[in-house]
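The letters A, B, C and D name the chains in turn, as written, and every chain counts its residues from 1.
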């Protein structure tokens, strides 16, 4: 018996593996994400290898170039028709490249770019030991107020890791709204969440609050993720697949994946309903909808203000994008189930955010509640379940994110001895002391309030119109009522700034570098352009309103 | 030409009021001249008219379309007929005289220029009132004279009493104006027009109800302007104005506008007997009311104001009698214009000499010091009480006759009231005469301690008084002989002799008897005995009459107090209730906010609880949706 | 395409606002003259509009139409009818006077050099309001109208809250708190109204698919656009609510006394004489045209509210102790008349209402601006602080009196014509309503004369003894207004001719005919 | 054994984890409870994979583990820095920001 023969006694030859299908990755179509993630990796390498002195510039350079390049890639893809006629599903079904995805990616990238500018601002905080400092802690590991912290400050340390962290987060956000299966969806969620948790903890001033914000955000975020994941598991159980297309077909009843023998246990719609509720809950957590909003004010207040602005803008865009895709691509067959529920969520979110905001005394918390109310308005557009609904939400998100970043950028300018002066009483009479800054902030507030000729009005009109057309007229009425309530607190801030006498120990307004100025200027420009001549952008949003399936 | 009548004084008013101090020295002459211009134009038009046949004496002039709106046509157009030309002459004639008088009377007032401006404004408005060919334009004049009256009563604005009186006059008149505007609206909805000609021709085409309503509303207007009960209360207070104003506006012309309105709207009233009855009742009541008030007042001007009210009561009464009385109403109006203006100017002359003292109890024995005033005032006195041969005799007598001629119980009652009024008139006018010009001097120094030095007034004042006295004496006779006045007006107002149960001679006799009784009573009370310089307490009626028969008290309690309470409570309501609802909503949203805010307690675990609860609700709701 | 005259009329003050705002801090006077220049230039353009407008021509003239936001079905559509022309002319006319009257209202108290430029801001804001008001009078696109109807709140808000009477300026904390309360109240009331209207605007889009007034009205008329009864009513209520807040109609009026009381007199005039007209104008243009059936349905309720406004406003005016609040309540009463006229649905009523808008603007401007001059001299708004002013400042008192007489609608002055038309028009259809409204004229006399008596007559109070009479600038503000009041009182034909065809159109929109006089009807 | 029972177990574990998050005070324990929830999900995935007879669920489980690991890294970093500043591991102590 030959050795071979002996061998064959207890082994059998498998089919020879003559080929493994190499996954077909459309690098071109994924370029935006890849560029950003790649830059983030480079950022990590920079941290490791570039001397401390040059890191800031290197990181800033890499981040800006990467974001700009990614944005260019998005534009190129859109110009190439990937948003409309050539919309497709790439990366073996994991990523959708279509209108909403490109529109949102573009928005996220621009918002991210502007946010990076505010991250890099080093002219606001007073010079410490001869080093210009940004909003971030010198050394995250050092105990607040300890000698170690002072030493780190003295040594000119800087947490330049914020740039790669932000890039990772942006990378995750780019994937999130374009994820085409639940696994990618979940991974993207974590990829953008984890860096944000860290970013929250890195404030230079008021570090205890910053750390507290990070802990709260992290714990609650992880808690929500767990629910999302469990929901994914249930959907998987229901459909036997996590691919959006397949799940949608199963929900529709076009195909059946469940073994008939198991139909008693698995063909149960309860799995689907509970699972989708849990996934949606995770998304509602990210957008800050009532009753999953409670982290928002604390985290917005505690996080470094540039991070708050970034989170408030980009997270919301990404999360709403994912929500739209989930509801419009995966669960349209369930719309009679989820619409009433989302309706309710939208109502309490609009009202809750607006009502609680009235009694806020901290500008960042105020803006947090305002962002909750806005989440409610956007949900009104989501509920429309029409193509107009999609495009109105896209438009709203684009308009909103720039106003938000701009507003938070203005918040960073108003400072006193303890850093940013975020208590509202400190803002009294700001209009007299620095009319320009106050006027700019007033423009942002008016946009938040939805006053005509600002982007806020165009956006609000778009979503309400979509909602009304979608048959949610009552929601529109609730929407205008909560807008009225919301108007009250925006106006309160304006009154405070312009009609109150300045206090003697009031804050000073720092003169920012061109970076922040760009952020604010862009915010104002977008606010006014989208308010006065929104047609081009509405067209864009409306062309981008079709999902690929 | 007709427009010029109005334009001349209007120009005067504009120039004088806008001209500034430069015109201070010539302003009064300018004003007087323009008034005279009006009078001359009036005379020219009058003689013109005399030259025509009785039927085509009406002149029309259409100036321009005033408010052209779909389905609504209001024109600025004038109509000059016998009735209006009578008024034009009275207004511009007496007006010119009083302008003249005022030059002297207001000599020491630094705002004399303005006074003449207001007087000219008044003339313009009054002429517009009588010349308008439609009710809306009449309304403009109507309110215009109200404005002038307001300005002139309150001319001495630094006196709070004058300002209050002016305001009161305007307000009470506004109530009347409301009547006029409702009447015009009724005409518009009924006839589609409010031009005299069109409305008055069409009265036959609508029901009596509508016409009665229009009539009553016109009566309300007349009550306001002519100080008839129940809107009479402003006239007494209006005496706060300078005396020439009282003479011109509150005796001779403006207050008679109500009579003009009723006579002008004769066709409406003729077709609405109920409204007519109301007119006579108002006239009769006011006739007595004014007379009684006139008996009790010690203020010479207020006594005369009471008299004016009473005399206009006569006119209104006559106008209410319909075609029987229209002519006599207007005739009495004209003669009254002469003698009452004369009396007021006389009173003004007395005051002028007595340091502006108005209390008759502080006069006495003035006849020697002011002979011209005494004589002219005396002639006016004789005219008003109806001394035979003087103008009041003719005009008043005719009204009493006409009242009886009304026939039936009504006629008896109205006639008796008119007779009684004549007696009281004789009484109070004699009282005024005696207290002022006869008896002992009861002069007292004025507030600044200046002893009065009564003297005759300057020429500019006495000449108008003399001219008016001449009018008081002759006008009645001139009009009545051969029923001239009746024939003159008949084409406009028509005339009906009625059916008198008493002969004219009987009525005249009765009038003479009551006249003697009234004069005698007054002489017994004031001529025989010295007049106390402080008023005795008097009977209940006297005290009430001194207070205008308590009408002001009624107004004060019901309207002023009630109004104050109403506005005050409404201010409260506005603040607490209307505003409160909104503020309350805002506050409750704020409160809700405060409570919801507490949920945000800073503990991550409680946030997690809310999330957990949220997801539970979310799941439950999703499942529930499916179950439903 | 011909020269866009309407756009230019609205854009000129906007350009003026920007230019004025850009004047450096130290060149205050230059800013004032610049603002005055722009307001006068706008007046010239408005006159050109009025001249070019042909009363016998099309309903909407000088029209412009451009694509704007096609996604929302919105076009940039402008066009004026007679009513629009009249109100644009009023606005353009009043603004120079407002600027002139407020010449010193915004001079900074401290000469300290700062970047705070109140003067430039004040005049720029006034011009901004003018631009927005004019374009909202011109808009024939509902959305376009809405945008500016709402947006004008913001500059108004700053004008009310930012600039108080001289007497109260400076360190007086309480006054400043009251002022910002008034400003917030103004904004919130109007914003709530506007937001509710927004819901209706959206609803209209859902129903009609576009915002073009003409298209919708046409479609409604020829039956191609059918609204369910309830839908139409709800939409009407949404629109009407906003207009009723702005007009303001009882019980939504309480912001006006606060706003007018706290704002400087020129700004108060801007509110009541210009901005608020947007509300009544829009009732006439949008409520009646878009929702004729619902308008008729709501008429009884609206008439009652208007009546309450008339009487209630007048009674409250009587009870006021503050001159400016008094004028504010008087305005509420007058707006009651305007609304009454609009919803009486007769030619006379609607012509009267339109005339009323113009005349009320003039009369209130005259009264309020003189009141402002008075207040700036004594530094108090309380009636009780005055007395005997007539003696020391006769011209001021005289002009004040004429303003007051115009307010009480004395015949011969412009407001009489309009008030009488409104009354007649109302009476023709609803006699009882007309009669009750007539009580308003008595009350108007009461509050005006009480005000005049208490402030101007009586013994001279020591505090006013040295009060100077009107200055040339102030006289230049008041005299033309008074002249206009008289001219339009005697010869309102130019305005009525402008308005008549527009009213005819509106009447046919609501398919109402004037009630025939009884005599004619009988035939 | 019926694979469905694994699902029940997964649900039970998930519930235990969630309850732990809600009632435990120590940050580390809370965090461990979250991990427990994630693992419950993993169990569910695997059980479903078995039921469906495809591998997707199992693959997802691997991914989840990686994510959980990453979460641990980030979470512990944050928790440790918080602990060092406050010398307390109670979640409730971190409540500076409220209302």
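Operating definition for what follows: contacts are C-beta pairs under 8 Å (C-beta built on N, C-alpha and C of every residue); 3 or more make two chains touch, one makes a residue touch a chain.
Chain-to-protein mapping (UniProt): A = NADH-quinone oxidoreductase subunit N; D = NADH-quinone oxidoreductase subunit K.
Because the structure is predicted, anything quoted here is derived from the model rather than measured.
Visitor: Is the number of contacting C-beta pairs greater for B-D or for B-C?
Guide: Counting C-beta pairs in contact for B-D and B-C gives the edge to B-C.
Visitor: What chain is the most remote from subunit D, judged by the mean position of CA atoms in each chain?
Guide: Max centre-to-centre separation from subunit D belongs to B.
Visitor: For subunit B and subunit D, let me know how many angstrom lie between their CA-based centres, rounded off.
Guide: Distance between chain centres: 96 Å.
Visitor: As a quick test, compute the distance in whole Å between the mean CA positions of subunit B and subunit C.
Guide: The computed centroid separation for subunit B versus subunit C comes out at 37 Å.
Visitor: Give, as an integer number of Å, the spacing between the C-alpha centres of subunit C and subunit A.
Guide: Centre-to-centre distance between subunit A and subunit C: 46 Å.
Visitor: Approximately how many whole Å separate the CA-defined centres of subunit A and subunit B?
Guide: That gives a centre separation of 81 Å.
Visitor: Please set out, as single numbers or ranges, the residues of subunit D touching at least two other chains.
Guide: 18, 21, 30, 91, 94-98
Visitor: Give me the residue numbers in subunit B that touch at least two other chains, ranges are fine.
Guide: As it turns out, subunit B has residues touching two or more other chains at 586, 597, 600, 602, 604, 608.
Visitor: Where does subunit A touch two or more other chains at once, residue-wise?
Guide: Touching at least two other chains: 215-216, 219, 223, 227, 297-298, 488.
Visitor: Please list each pair of chains that are touching.
Guide: Between chains, contact exists in these pairs: A-B, A-C, A-D, B-C, B-D.
Visitor: Would you mind writing out the residues of subunit A in touch with subunit C in their complex?
Guide: 391, 431-436, 446, 449-453, 457-458, 461-462, 464-465, 468-469, 473, 476-477, 479-481, 483-484, 487-488, 491-492, 494-495, 498-501, 533-535, 538-539, 542
Visitor: Along subunit A, where are the residues that touch subunit D in the complex?
Guide: Of all residues in subunit A, those touching subunit D are 140-141, 143-144, 183, 186-187, 190, 194, 197-198, 201, 207-209, 211-216, 218-219, 222-223, 225-227, 229-230, 232-234, 236-237, 240-242, 257-259, 262, 265-266, 297-298, 301-302, 365.
Visitor: What does subunit B use to touch subunit A in their complex?
Guide: Subunit B reaches subunit A through residues 586, 589-590, 592-594, 596-597, 599-600, 602, 604, 606-608, 610-611, 613-615, 617-619, 621-623, 625-626.
Visitor: Would you pull the subunit C residues touching subunit B in the complex into a rising list?
Guide: 188-189, 250-251, 253-254, 312, 315-316, 318-320, 346-348, 351-352, 388, 390-391, 398, 405, 410-412, 416-417, 420-421, 423-424, 427-428, 431, 434-435, 438-439, 441-442, 445-446, 449-450, 452-453, 456-460, 490-493, 496-497, 500, 503-504, 507, 514-520, 522
Visitor: Once bound in the complex, which stretches of subunit B touch subunit D?
Guide: 597-598, 600-605, 608-609, 612
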